[in-house]
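Here's the structure we're looking at; comments come further down.
Here the chain labels run A, B, C and D in written order, and each chain numbers its own residues starting at 1.
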Amino acid sequence: MSFTYKRIINYYETDRMGVVHHSNYIRFLEEARCRWMESVNLPMEAVEEAGYTIPTLELNIKYKYHVTSGDVISITPKITDFNGVRMTVGYDVIDEKSKNVVIEAWTKHCFTDNSLRPVNIKKKDEHIYNAFNNLFEEYKKEKGE
Amino acid sequence: MSFTYKRIINYYETDRMGVVHHSNYIRFLEEARCRWMESVNLPMEAVEEAGYTIPTLELNIKYKYHVTSGDVISITPKITDFNGVRMTVGYDVIDEKSKNVVIEAWTKHCFTDNSLRPVNIKKKDEHIYNAFNNLFEEYKKEKGE
Amino acid sequence: MSFTYKRIINYYETDRMGVVHHSNYIRFLEEARCRWMESVNLPMEAVEEAGYTIPTLELNIKYKYHVTSGDVISITPKITDFNGVRMTVGYDVIDEKSKNVVIEAWTKHCFTDNSLRPVNIKKKDEHIYNAFNNLFEEYKKEKGE
Amino acid sequence: MSFTYKRIINYYETDRMGVVHHSNYIRFLEEARCRWMESVNLPMEAVEEAGYTIPTLELNIKYKYHVTSGDVISITPKITDFNGVRMTVGYDVIDEKSKNVVIEAWTKHCFTDNSLRPVNIKKKDEHIYNAFNNLFEEYKKEKGE
């Protein structure tokens, strides 16, 4: 049931070390979250039109394997914690050719209004809450919790 | 009298060719315009607070010489055309070590309101108009026009 | 017969004007060229392994229509000039929803060895030359030349 | 004795949320490390010419306060752990106007040869080792260890 996002590494995402510059992985993780949200009919742009946004509060990345332009990575995001106020997303990031783990990563987020003031999305918008809660329930079921 | 902006090339601005990725120069030109506007007490953020913005309509870059991380370039912007509705900015971009021309570039801009609708800034905001017109007059004087 | 590359705009490619930052289009054009080369079995990485690279010599972009995150653009590249030493690529860039032209753009390139010294690819590597020349012949046929 | 790097936020570093896109802070931290190394006469480019590079192994960022274009941040990096094989760098990142903490961040690094194979820099290059060890000793002295 899980969603996987595949994308090819672009030339402009490499640096003179010959591999992807480490800052770009944060952008790839955001892409994966956005494509995932679109796949459950809640594009980020709809969240913003409803008056909310989902900033990043914290992130952690362990760099394990280098990829470069032309390589294809797959990113499988999972909501590993969620309570309507805060959300943690974990990611499996794999090099499609070697099947090596490229990075280990998680990001923490909150929900805010358009002025970037934190809100409890459970109280504010049931539709948005349910979309994320369903993904969290899926994660728990897969883990056998 | 002319304003020159110096900046060092960052590691993350190179690509696996070992030199600055060509897309980054557009960002360097924007930096030069913004620092220049600050130097005449009209920061871009003040323009936006006044209700206007200055999108780019067209740009042209000729790439002449490669620089890489640690190199320092100087950018000297000049308003080469301005009538309150449209503005053209030219740039001298020099590698500080070799004194080679790095790129030859110009950008064209218009003035819009916050909804990105074009405005005649001469009619809308005298302060903003004068700031740019003074820089255009300086250019004409230097050229001996 | 022509190749078209579709891609969704990412959140991180917008700026505080609410639309795509104008520097990113140069990256989208590079993506289109790279995907195109892969479609004719000549990925950029194979060109580099053969000892060559294809830097950008000049670019020109006219910005016509704003798109933002979640929008999908299509880019159709065409080789409009090629002689083994220099190459010009033109691009049709369309917003998929409104069918508006997003930008009008062309880029000029040369062929170099790994030390960024210009080469005549017609004399150096027939395989690479033919790949690009076929695309140029396609363009001329479509134009009825 | 500590080194502080100040830099203004660029327009192209904001996103449509109106503030710095969170991916850019990783780039600002790299800038701070590079300017710091230059200040102790060991520019990153000299490390690479000596045959080594310093990839990022892990990073952690807590986002605390939003800044936007025109704001100035100061970054004070410190080597909080170092043994010739691995290095941890911590950063104080402050908004100059409000004096708020913008992010809390640390990065872990190793030393590799040009093929990205890990090396013990203590055994390989005394000059590079000493430069980093001096900064680590400074940190320990300041902390009163």
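We adopt the following convention: a contact is a pair of C-beta atoms (placed from the backbone, for glycine too) under 8 Å apart; a residue touches a chain by one contact, two chains touch by 3 or more.
This structure is a prediction, so every number in the text was calculated from the model and none was measured.
Look at the CA centroids: the one farthest from the centroid of chain A belongs to B.
When the interfaces A-B and A-C are ranked by how many C-beta pairs touch across them, A-C comes first.
Centre-to-centre spacing of chain A and chain C amounts to 29 Å, using the average Cα coordinate of each chain. For the pair chain B and chain C, the distance between mean C-alpha positions equals 25 Å. Separation between the centroids of chain A and chain B, computed from CA atoms only, is 35 Å.
Shown for chain A are the residues in touch with two or more other chains, namely 11-12, 17, 19, 23, 27, 30, 68-69. Taken as a graph of touching chains, this assembly is complete, with every chain in contact with every other. Residue ranges of chain A in contact with chain B, taken from their complex: 11-12, 14-19, 21, 23, 68-69.
Taken together, the chain C residues at the contact with chain B in this complex read 17, 19, 22-24, 26-27, 30, 53, 55-63, 66, 116. Listing the residues of chain B that touch chain D in their complex gives 8, 10-12, 27, 30-31, 34-35, 38, 43-45, 68-70.
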